[in-house]
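Below: one structure in structure tokens.
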Amino acid sequence: MSEHLLSLIIFIPLIVAVGVFFIPNDKTLLIKQVTLVATLAQLLLSLILFMSYDGSFIPSNWNEAFLFVEKADWIQMRLGQYGVFVIDYFVGVDGISLPLVVLSSFLLVIGVVSSWNLKEKVKGYFMLYLLLSTSIIGCFVALDLFLFYVFFEFMLLPMFFLIGIWGGPNRSYASIKFFIYTLLGSLLILIVMIGLFISVEDTQKALQLAEQSGRIELVHSFSMVQMMEGTYIYDSLLAPSSDVTILDIPVRYWAFILLMVGFAIKLPVVPVHTWLPDAHVEAPTAISVILAGILLKVGGYGFFRIAYGIFPDGAIEYAFPVACFGVVSIIYGGFAAMAQSDLKRLIAYSSVSHMGFVMLGLASLTYEGVAGSLFQMISHGLISGALFLIVGVVYDRTHDRKIENVSGLASKMPAYTFFTMLFFFASLGLPGFSGFVGELLSLIGGISAENVNGLFPRWLGMIAVFGIVISGAYYLWTAQRMFFGKYWTREESWDVKMKDLDVREWVMLVPLAVLVLLFGILPGWILDPVDNSINFFVDQVLSSGREIINNY
Amino acid sequence: MLKGQLEQILDQLTFLRFEMALVIGALVLLVVGLISKKALVHRVGFSVILVCSLFVDFGVLETQTILSGSLQIGPLESYVKMLFAAFAIWIVFYPTAKKQTPEFYFLMLSMVIGSSFMVSANHLLVAYLAIELTSFTSYIITNFNFQKKSFEAGIKYLIFGGVSSAVMLYGISIVYGIGGGLEIDSLYLHDSDPFLAFGILALLGGLFFKVSVFPFHIWTPSAYQEAPTDAVAMLSVVPKVAGFVLLHRVLGMIDLDVFTWVTPMLIFAGIGTLLVGTLGALGQTNIKRLMAYGAIAHSGLLLGCLFVSGDLGVAAFAWYALVYAIMNLALFHVVAVFEERDITSVSELTGQGKTQSYFGGLMVVIMIALVGLPPTAGFTAKFYLFSALWHEFQIGSDYYLLGFLIVSILTVVFSLFYYFRIPFYYFLKSGSGVNNAPIDLSHKIFATILVMILLWFFLSPEILNNIVLNFNAVDW
Amino acid sequence: MNLDVLFFGFAAMVALPLIYMIFTRNIIRSVFAFTISLLGLAAIYVLLNADLMAVVQILIYAGGIVVLLIFGVMLTKRTREAGVFTDHHQVVIGGLVFIGMLVFLVSGILKAGQAEWAGVEFENQIAKVGVLYLTDHLVAFELVAFLLLVALVGAAFLAKKSDH
Amino acid sequence: MAVPLSYYLLLAAFIFCVGILLVLIKKSAVFVLLGIELMLNAANLNLVAFSKFDPQLEGQVFAVFSVVLAAGEVAIALAILINIYRQYDTTSLDKLDQLKN
Amino acid sequence: MDSGALYIILLMMLPILAAVISTFFPARESYMITPMFHVIGIVSAYLVMDYVPIDVRWHWVANIELGMTLDRLNVVLVALVYIISSLVHLFSFHYMKDDPGIKRYYLKLAFFTVSMLGLLMADHLVLLFVFWELVGFSSYLLIGFWFKDKEKSTSARHTFMINRVADAALLIGVILLVAVFDVSKVSDVKLPEGGNPALLTLAGLMLAIGAFGKSAQFPFYGWLNKAMAGPTPVSALIHAATMVTAGVYLLARFQPLLAPNVMMVVGLVGAATALIAGVSALFQNDIKGVLAYSTISQLGYMMLGIGVGDYKASIFHLWTHAFFKAGLFLAAGSVIHFMHKANHGVDAQDMRNMGGLRKHLPFTFVTFLVCGAALSGLPFTSGFLSKEGILLATVLWANKLSPEQAWMGYSIMGAGFFAALLTPIYVSRQILLVFFGRVRTVFQINLGKKFEPTISVIVPLMVLVGGSVWFSVSKGIFDAHGWRLHRYLFPGRLTGIPEDISYYVFFASLLLTSIGVLIGYILFRPGSKKVAMYKESNILPNSIKGFWQEGWYVDRVYGVLNQGFLWTSNFTFWVDKQVVDKVVNGLGVGAVIIAKVTGVFDKYIIDGLVNFAASFFSGLGNVLKRLQAPLVQAQVAIAMVVVIVFMFWFLF
């Protein structure tokens, strides 16, 4: 079982989705239960995965860095007389993807609970939901670039429909905007993927194939491991030795830039973030949770695995701009959040701000920074997920999210206020909550990078620190406007609906709160098992990046 | 001498079994049409003829010219012809097939015949006649809805086509005079002569018309909009693919080092096609018209296959053509189903998703394939093409090619805009449906089969290997 | 010398009606001008030793197509049209295209080379062409036959169906 | 050869350009068809002129086919035109503007 | 886990344990047990004093080894926190017993205490920062305790935000020290070897700014007055005795790292704050307002002590101040409670409504008197001793400065002495206005003469009074270095102090204090003109007095900054909606790139990107429209034109 653990995690929802297809439309409860069981099974398996992950080894190269590897032949196609390209079903986890897998499967369960009260088109919703969860997990564990790309693209479709059909009043605009933006991003990735597989060869596979066919051929590989190891074909465009430039920028740097832009759209980074507030505002609560909690992380994960892993030279060369964009996102997102009157939109902008830390930490390429970046992704996943649930609570009751339309909720809904404040403070980086750890580590990375590896000056990190002031400002202001003061609502009719949290909401919020606190106090629970992976990642990127820069 | 020549002709006529079967079948069908008025008979007859033609055809392993250089046959030609016949069979399952007359099927067969000759033509005279044959068929077929607008579309198509073919003929005459002959494989145009250059340009212009490449694409939207939908499916695939094969053969006789403008011109035409197709589609409301623009954009991509040299190019082309054929078959089937439900405009699709979600799901997969997203064969085809283009860029470092590659990838984003308007209105826009009657089970089955094929080709595209391995068309 | 004069005469016979056609407003007259021009062309074909072509030109073009066109004009000319020329823009563009194309072609022709053919035989062209039709150009010949059938069936069907 | 080949070609070019001009500037469909015929004639003239130097006479063969094709085309055009006339009560092409985006 | 760790954890967790346990009992009286837990804490701290240092370390995350430690300095402060906290817990029972949110109150209070203890015991800069923030957070919770009152919750928010700004600076300092200089242990700060001195200065400055924030120094002092919105016992605990001194504690710990320039800044800010706040305290009408500003002023003294290099004096002042200021606050709380009960209609905190309360509140009066004397620095009080220590250090420091810096040193010194003059003035003003003369309002309910029935009021007040007289802290009446804990805390030898200077300073401060008391009495004695008109005195908003009363308009500065902040945010959002979204959406990126490539970017920047984009798209639209012409001849024309363009482009 353990050798197929990852496949199980990926494909359980897909199989269940097919099963759900055969359940009659009107048995909504059964559909929900089946979905819940499927996601719970996914969570259980990923917990087993986490428990049995042995992070104590120190890999010596990328080939050894991954555990639970499954590899099976999938596609072998001829590239004319230029050889064969090989696409494998190749999955595995290392310390960077593992926490994200666990996070995703956890949030997916929360998402099901949060959509428990859905009434219309239940079957379609949950089928799409299951498809979504397959592609999300697949995205995090794929080690074959093609496989990754397929999962990556496939995420868009369920998302498009989930927003577009079950979303708010302006859903159609939002869903299209979401789709277009992210598709644009993924196409940039596609360009690089094409260039990469044409430039990378797999000699081992070539020998294997030669045994079958009897002749040695050039085997183009999609394996990310090969790409990270850098087995490039001499004279290919993306090989480090390539001297082709476009507009005076070497092709490899272009590839890095394209990847960064592609994933930055997903992350999102200013100025390509504008799809996010729209998508969030219109998405149903559960989908907002998934979107903020997981989908943004795919962008961050792409930075790690693909942009930085495969183009370490670009990572070093462009550390400063990358960090700059991170800092700009932090500050800009914060200011933009401040100006919002729609609670959901506010949280969406705050996501922009918080994901800036991911970029900053990663750009620093210090151990702390990278660990912080990873941790920030986990923590933001939990916190923003919870915050969207929080918005969902008030939206369910009033069908309105305007901050100024209610006030003094604290006296009417104490438990709700408690959770809101908890997550607000967690999000604004109060120590003791996980948000602080991620931000702290990223900032340590950002400020110490100049000393550790000299990638970018420390004033960038210092500016970023003031992001935490801004986040404090908008959260507290919002809390005050909505929860404090005299109880008041815009519509009288809302009064009756303003009940405190029900059981379902407790069930969703308590685990999140517990985890946010737990990881805030004991961040080592996440970071210690993956310590070696992060160290290895940092070393590898720095050393091979420097090597490429120095040698070519 | 003459006797020997005639014997040789008789020998070589056996290579034309496919075409001859179709011609005979077409004539028989015409006669049968006079006897029986039953639509079913015509449909069965049509498909029987095509199946027979498929059976009498066999793969030619070696590329050769026959009939004193009139025709060229080879594995690629066989493949494309079989693709035509295999494709054409399916249109009898369209919902529109019920009302079609034997003349319709006769014309469909002539379209396949003309396209087959186009694919094989090695002589500019044959090429011209074959093009005109498909053109005449298309002009006529465009009117077959017998509506006010369809006649308009017909005459516009005819005038535009007439001008284009006249221009092409003029170009052929120049090529003949200055280049010194009409046989494509024995011609090699290497005199840098502006008059000859004009001839080449004019000749290519006529071919562009056939494959609806910018700037000769303009007839496409009107014609597609008004022609019967099953005819549109044919029109969008059969003559177009044939045109590309012919275009490629014609390009083979031009010395690109002398006529340095040809490659940039082709690439600009390709970029123009992509842009016109995608940008033009953005504002459309009529479904078929929208799809016509989409087909124009696909022409741009098919044109991209010609930029890739060697067997990589032919593989990309063969694969793209195959997938394009399947996608369009499925697409226009869906459009035909909509038409049967009195839906011609995008906005009339509102509310369909409530009652017809299964069919809608299939339709979504088809649209995904057309946009070129995984997990469909549409993605694989585009992916293979882009890979080939990248490889070509890597070999030649031709920045025009890079520009084409980038534009073609970017147009994928825009194609999302218009292709996804269909599911968008179908599912997302609220409104009451025009027609809420359930969709016929047979249509669902038909669409399901095609969708399955699209998905299967994504999961297991190795079939391409098997096709391409036979080609050894290094002169592509 | 004589042939030269003849050529210029026939060329004028071809070209002048064309100029008339550009400016005339009357379709029927223009069709007749077209006919004159066709006949001039036929004469030029004779000058070029292409007798068969000259005959075909007179028979099919002047005899068939022109009749068909006049027939069409008669059938459809019941109401008076407001004008003959398209709108201003279009005429200007047309003029520019005309001039541009002409300038280009003329300059091209004056610079043009010509393919080198081994030898030229002039005798018994019709017989030779006839043989060619059934040997080298057999495919084209059969194809054109089928094409005419298609045109026939199509045109007849279009005309017939619209009666209903 | 008394008259140089280029004279024929120039005449053909003139015919061709007049054909295009007619297509572009005349409203009536019949005029436009005439224009197309002129363009075809120009090509034919070219073919025949070139074929004078061609022992294979391919140009002339081609030209004959093209005349036949022109006839077919006009036939189809008129069939459609009659229908157009019935539906639109005109053969003026600028009245045919139903097909728009 | 070793016993040390257990001990530390226990010592830290006692308050929350107490609060949680008592929360489980339904009766309100259960909260009376909380002070007992605190007493355990005091005793434990006392018992452990001779066994320090004990510490516990654990791996937290990344390379960060967090640790907590008990050493001589912080065990004393822990004890202090426990003492004040126990009294406040006790007092609160009376003060809050009718409040429905008492459970919440005690939990929050306990949470605060725990955070404060953690802050003191943290032995890693990051952990210190963690508790630093938590202290701020719990303070936010307590200030906003009456959240239904919009103003109070606003005050809480402002408090938190002002602190947050300073905390951001502190965070920079912490990160610089931890990540760049590898200085992380709080209990053992050494100057790092090597490293960029300018960077070290920056780090020190950032720490100082952080400390200024928490200790309400210029320019952050505005928050402390707002913080008075919380329940008064809270003010006693947080805003007098514990939290505000965290900055002093931090700088005292990190003094070895501070560069001379930074020290100068600290001293300057401390002196300036002492002066500024002293002036403002003179004009307050709110009974807590006076105390708030006096607290700021006293914190300025402590900062001054740090700045002049004698952190020992500052710690001493911290200790004494904790007692007398807590006493004053609790006494004020008692007054307010009384006023609240006596007359619901009027503002219970406004001194204009008070007067003559000594008859009603004798214990309170005594407390106020003694603690006020200590605050003023009258002899025989603890305040006298500690304040004199700081002044002495200042004088010594100023004398040693180089001639170029001397003027600065002497002005700092002068400010310190002047503030010492101001303190007795406002203290006597307050005491005279509150407890003497006639009541300036009507009591609706006659509560009798004695309104201090319960032990939970009397005991805390008396203990604090005890803590404010000299013998509780020192052997010598006038010995500024005679603190009983001095030898324990700072085992080294005392630096010799020149006798003459010591006497000068002693007499100078005595003189200043006496003058201050005198001025205060003359101005505000019962029956003076000022007092007679006091009830009606309204300070015009724009007068100079208003300027002082409002704390030198620091709030308005914050307001302007806040407006700027909001404006920026609105502007950002506007940009986001109008520019970024449109540009990115509308393919503007493409336009920009094209423009850039062709090198005409600058030109179009001048013309305005908007114009460019507009014309670009309208042009594109027109072209597309032409390309989709409905008329067939136009279509032909397009094709032909394109062909001709191609022709002339490529063939020539």
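The letters A, B, C, D and E name the chains in turn, as written, and every chain counts its residues from 1.
Here, a residue touches a chain if its C-beta (ideal position, glycine included) is under 8 Å from a C-beta of that chain, and two chains touch if they have at least 3 such contacts.
Just so we're clear, the structure is a prediction, and the values are computed from it rather than from any experiment.
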item	value
Contact distance in steps, from chain A to chain C	2
Chains in simultaneous contact with chain A and chain B	E
Distance between the centres, which are taken as Cα means, of chain E and chain C, whole angstrom	99
Approximate Å spacing (C-alpha centroids) for the pair chain B, chain E	77
Whole-Å gap separating chain C and chain D, where each centre is the average of the chain's CA atoms	6
Centroid distance [mean C-alpha coordinates] between chain E and chain A, Å	38
Numbers and ranges of chain B residues touching at least 2 other chains	125, 129, 132, 136, 139-140, 143, 146, 155-156, 159, 163, 167, 177, 181, 194, 197-198, 221, 280
Chain D residues counted as touching two or more neighbouring chains	9, 16, 20, 23-24, 32-33, 44, 49-51, 58, 61, 65, 69, 72-73, 76, 80-81, 83, 93-94, 96, 98-99, 101
Interchain contacts, given as pairs of chains that touch	A-B, A-E, B-C, B-D, B-E, C-D, C-E, D-E
Footprint of chain E on chain C - complex, ascending	86, 90, 93-94, 96-97, 100-101, 104
Residues of chain B that touch chain E when the two form their complex	155-156, 159-160, 163-164, 167, 194, 197-198, 201-202, 205, 214-216, 218-219, 221, 261, 264-265, 268, 276, 279-280
Complex contact set, residues of chain C against chain B	104-105, 107-109, 111-117, 131, 135-140, 143-144, 146-147, 150-151, 153-155, 157-158, 161-162
Residues of chain D that touch chain E when the two form their complex	20, 23-24, 32, 93-94, 96-101
Touching residues on chain B, where the partner in the complex is chain C	2, 5-6, 9, 16, 23, 30, 67-71, 101, 103, 106-107, 110, 113, 117, 123, 125-126, 129-130, 132-133, 136-137, 139-140, 143, 146, 177-181, 191, 193-198
